[in-house]
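Shared between the two complexes below is chain A, which pairs with chain B and chain C, respectively.
Right after this comes the complex of A and B.
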C-alpha cells in the first residue's frame, strides 16, 4: 500500500521500492564515510576526486539525460565556479565557504542565461552553442593573465587547514550525497515529470500546460549552479586552478561517466564516475591512450547494454532473482 | 449561455508560398461536437495548430470564451482549457502509460493532489482499455494504442473546455473506435466539453457530430449537418475535383480517392 501523505508530498514515485532503496543508499553512505579510515592517503585522494566527478556527472545527467539538453559546457561551468570563488577569496578577502556559494550563484545565473539563449535550439545547435561558450570561457581565463595568471595557474587558498585528503573526502562525500539525494527528490516531484516530459516531446509537454521555457531555464541554471559550486570546492581542495583543466577532455570524461554508468538513472553517474576515475588513476602510466580505451569501452557498452552499467546490474539482479 | 465558445475571425496562415489556411471565420457553440473534413492538405491540421497555439496566424484572431488567444503560448492556452491530440500520435515515449497521464497533472497551472490525479488517470486508462499496460513504457505501444493514450491524455487535462482531435480514429480497431466515440460523448455530456474532430470517417462523424465543416485549399467552404454538407456541390467538387452527383464524402471512403462508382448508405463501423 502507498502511504498517502508520503505519496502526496513526493508525487507518484514508487514509495515502496524507494524506501528500500533509500535504506540501501543510507547504508552505502555510512560505509563510504568510514572507507578512508581503511585506506592510505593516495587512494583517499583518488576517491575524493571521484566524488567530485559524481557531482558533475549527476548534475549533467539531470540536464542531458533526464531533460534532453545535451550541453557541452559543464566542465567550463565547473571551472568558472572555481575561478569565481578563488578570485573572490583572493581579491575581496571573503571566507572560502562564501566564495563557494558565490561560485554556485554566478554559475546558476550563467546557466539561466544559457538556458534562455538556447531555448529554441535543437540538440546539435545546443551542443555547438554550449561548446562555443565553454571554449570562449577557457580562452578568456587563459588570456586574462593579470587576473587569473593564465596558463601558469592560480594558487587557490585551501578550504580546510588539514593536509590529509581525508576531511576533504568527507566534504565531497557530503556534497555528492546531498546532490544525489536532492536530484532523487526533484525527479520524483512534479518538476521531475515536467523535465522528463520536455525530453520526450517538448511540443506535447507545452500543449498539456507545462511551461517549458521556465523549466528549461531552471534546469540549466540548477545543473550549472551545482557544477559551479562543485568546481569551487574542488579548486579549494587541489589548491591550483588552470584553464588546462577546462579543456574538452574534461567534458568528454563526464559524458563517458554518465553513458557508461547509465543515463537517466540516479546510481548510473555515481557508478560511472567511480569506475572511470579509479580506472583512470590505475591506467595513469598510459597517458592519453586512456581516453581512447574509455571511449571504446563506452562504445562497447552502448552496443551491448545501452542502459550502461546500471542496465547490466539490473539485468543481473533480475536473473539472480529469477534463479533464486 | 448563447455566446460561442470559440470564434475564429479571418484566420490566415501561409508557409512560404503555400496558403495553408486562408481567411477562416467561424464559431463553435459551447458543448458542440463539430466535425472537420477536407481533402489531404486542405489545412485542417494547420487550423488546429492555430487554435492550440502551436502555430501563430499571419492575420486574424482566435477568441476563446470571450478572450483572445493572440500571442499566447500553447501552455497558456492549455491553462485556458484547450487540449488536443496529434495526427501522428505523440506520447511521452520514455514514460509509462500511467505516467503519460500524470504529466498532465504536473502542468504549471494545476494544483490537484496526486492521489486523486492517479485515480482519475487509472479510470481513464480503463476507459480506453489501456489499464493492462499502465506500467509499460509508452514507446512499446502500437500506433493505435498510442492514439488511445493521446485521447486519454487529452481528456485528463483540466480545465477542459475544448478538445481538438486530429484524426483520432485513424488506424483504430472498430471496437476501440466505439469506446472512443462513447468517451467523447460522455465527456461532452457530463462536462459540456466542446470538441472539434478532424476525421475522414464519415460514418463515425455522423454519429458524433451535429455539424460538420469542410475545408478545401485552406478555405472554409461549407458548414452544416453532415447530410446537407455532403450534398453541397462545392464539397463534392472539392472531394472529386469535378462536380458529380452522389459522389460526395457521404460514402465513407477516404476522401481524395477516386469514386468507386457506387453511392448509397454510409457503411457503419462494426
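Right after this comes the complex of A and C.
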C-alpha cells in the first residue's frame, strides 16, 4: 500500500484534494531541507546544482510542455542573467541580491522583446530565432573579452560568505520550491487554462477570445526571467562564469531532463533534473559517454514511452491501486 | 574605401554564401516535405567532414579528395535515411500527437548523441585536411583554393538538386508531398519512401557542405554548431519553406558577414547574421519569400 499523499499526488483520475497534495509537497520539502545535514559537502554540492537545473527544467517545461513554445535559448538566458548580475556587482558595486534581480529583469525584457518579434509567426520561428540568439550571445560574450574576460572566465563575487555548499543548497531549495509552487499556482489560474488552450489548438483559443500573442509573449518573458535569475544565483554560487557554460549541450541537458521526467507535469522536471544530474555525477568517470547514454535514453523514451518517468510512475500507481 | 578591395570582400562573401545555401536548402527542403525542422542538420555537416577526412587520410590519399566527396555525401545520406526509418518514420505511422514536438526532441537528442559520439570516437581534437587546391587569383587578391572548390561544388550540387526537383518523376513526387500529403497519398505515392528520400537528400546536402568545407573550417565535434545557426538564420531571412528564399538568403548572409567584418569588426562575424534576422523579423516578419500563412 502506498502512502495516501502519494496516491493522490499521482494522477487526475484518483480521489484527492489539492490540500493533500500540498501537504505531501510540504513534507517532501521539509525532508529535502534537512537532507544536507545527513550528507557530506560534495553530495550537497551535487544536489545544489541539481536544484539549479530543477529551476531551469521547470521553467522550460512551462514554455514547451504547457504552452507548446520551444525556446532553445534557456541556457543562454541563464548565462546572460549570470553575466548581467556579475558585471553589475563588479563594475557598479551594487549588492549581490540586487544584481540577481537585475539579471532576472534584463532576461525578462530580452524574452519579451524576442517574443514580440517572433511570436506573431508560427511557433517554429521562435525556436529558430532563439537558437540563433543563443549562439550569437555566446559569441558576443566570448569576443567582448575586455568586459567579460571571454573564454578565460569571469571570477564572480559569492552570494554568501560561507564556503560550505550547505547554505547555498538551502537558497537553491527555496528558489526551486518557489518556482515550482509559483508555476503550480499559475497553471491553476485562468492564465494556466489560456496557456494550455494555446498549446492544444491556437486557432480555437483565439476564437474563444484568448489573446494568444499576448499570453505567449508573457509566458516566454516570464520563463526567460526565471532562467536569468537562476543563472545569476548559480554564478554567485560557483564563482566563475564562462561562455563554455552557454554551449548548446546545456540546453540539450535541460530538454533531456524534462523529457525524461515527463513533460506537462509539475513533478516531471524536478524528478528528471535530479536523476540526470546525480547520474551524470555518478558516471563522471565515463566522460562523454554519459551524454551518449542520456541521448539514447531520451530517444528510447520518446520512441517507447513519451510520457516519461512520471508517466511510468502514474501507470504503475494505477495498476497498484487497481490490484489493491 | 578602395573599390577593388570592396569587390574583393563582396566576392569572398558570395563564395561563402554559396556554401551556406547548401545548408539552408537542406533544412527548408526537409521542412517542406516532412513539416519538421531537423535540428541535427549541423551534426550531419560535422559527420560529412569526418567521413571526408577519414576517407582521404586513411584510404584514398589527399590527392583524390574529389573521389572522396561523393562517397562522403552518400554515407551521410544513407545515415540520414537510417535515422529517418528508425526514429522519424514512427511519428507518421504511429499518429503521435504533436508531430513537430516529437521531431524536435528526437533531432535535438541526435545532436547530443552525434557530437558526443564524435568526441568518444575521435577525441576533442581539430583535424585539418590539406587544402583541395592552391589559392586562386580572383582580381587583385588571392582566394583560398578550398573555398573556390567548395563554392563550385555547392553550385554543382544545387544545380543537380534543382534538376531532380524540377525535371524528374521523383521531384514531382517530392513537390506533391510538400503541397499536400493526403493528396499525394491518394495519387498513389508511397509517403514513407518519399519522406525517407527527402530526409536523406536534405542531410546529404549538409554532409556535402561539411565535406567541402573540411579544410576551411576544420573537422571537430562541434563544427556543426555555427553552420546550423547560419542555416536557421537564412531560413528565417528567406522565409520558411521557400527554396529561392534559402538561396537568396544564403548569399545575403555571406555578403553581410563579409562586409560586416571589414566595415565594423571581424570578431563579430558570426553575430551579423542574427542582426540581419532581427531586422528582417521587425520589417518583414514572413521573410523575403515567406508563405503568407502565419500559423501552422
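The rule is short, and it goes like this: the second predicted complex is superposed on the first by the 305 of 324 C-alpha atoms of A that agree within 3 Å, B and C clash if a C-alpha of one lies under 4 Å from a C-alpha of the other, contacts with A are read in each partner's own complex, and residues count from 1 in each chain.
By our rule, contacts are C-beta pairs under 8 Å (C-beta built on N, C-alpha and C of every residue); 3 or more make two chains touch, one makes a residue touch a chain.
Keep in mind that what you see is a predicted model, and the values were worked out from it rather than measured.
Of the two partner chains, chain C is the only one touched by A:136; chain B is not.
Contacts of A:205 after superposition: chain B is touched, whereas chain C is not reached.
By the document's definition of touching, of the two partners only chain C reaches A:295; chain B does not. When both complexes are overlaid on chain A, the residue A:193 reaches chain B alone and has no touch with chain C.
When the two complexes are overlaid on their common chain A, residue A:112 makes contact with neither chain B nor chain C. Using the contact criterion defined above for the overlaid structures, shared-chain residue A:303 touches chain C, although it does not reach chain B. With both complexes placed on chain A, chain A has more residues touched by C than by the other of chain B and chain C.
In the superposed model, A:259 lies in contact with chain C only, and not with chain B. When both complexes are aligned on chain A by C-alpha atoms, chain A residues 203 touch chain B in the first and chain C in the second. Those residues of chain B that touch chain A in the shared complex are 52, 54, 73-75, 78-79, 83-84, 86, 90-95, 99, 102-110, 113-115, 117-118, 153, 157. Listing the residues of chain C that touch chain A in their complex gives 37, 39, 87, 90, 96, 98, 100-102, 104-106, 108-113, 115-117, 119-120, 222, 225-226, 228-229, 232-233, 235-236, 240, 267-268, 270-271, 273-274, 277-278, 281-282, 285-286, 293-296.
Put simply, chain A touches chain B in their complex at residues 4, 7-8, 11-12, 190-191, 193-194, 196-197, 199-201, 203-214, 264.
Touching chain C in their complex are the following residues of chain A: 64, 68, 70, 72, 117-118, 120-125, 127-129, 131-133, 135-136, 139-140, 143, 202-203, 247-249, 252, 255-256, 259, 287-289, 291-292, 294-296, 298-299, 302-303, 306.
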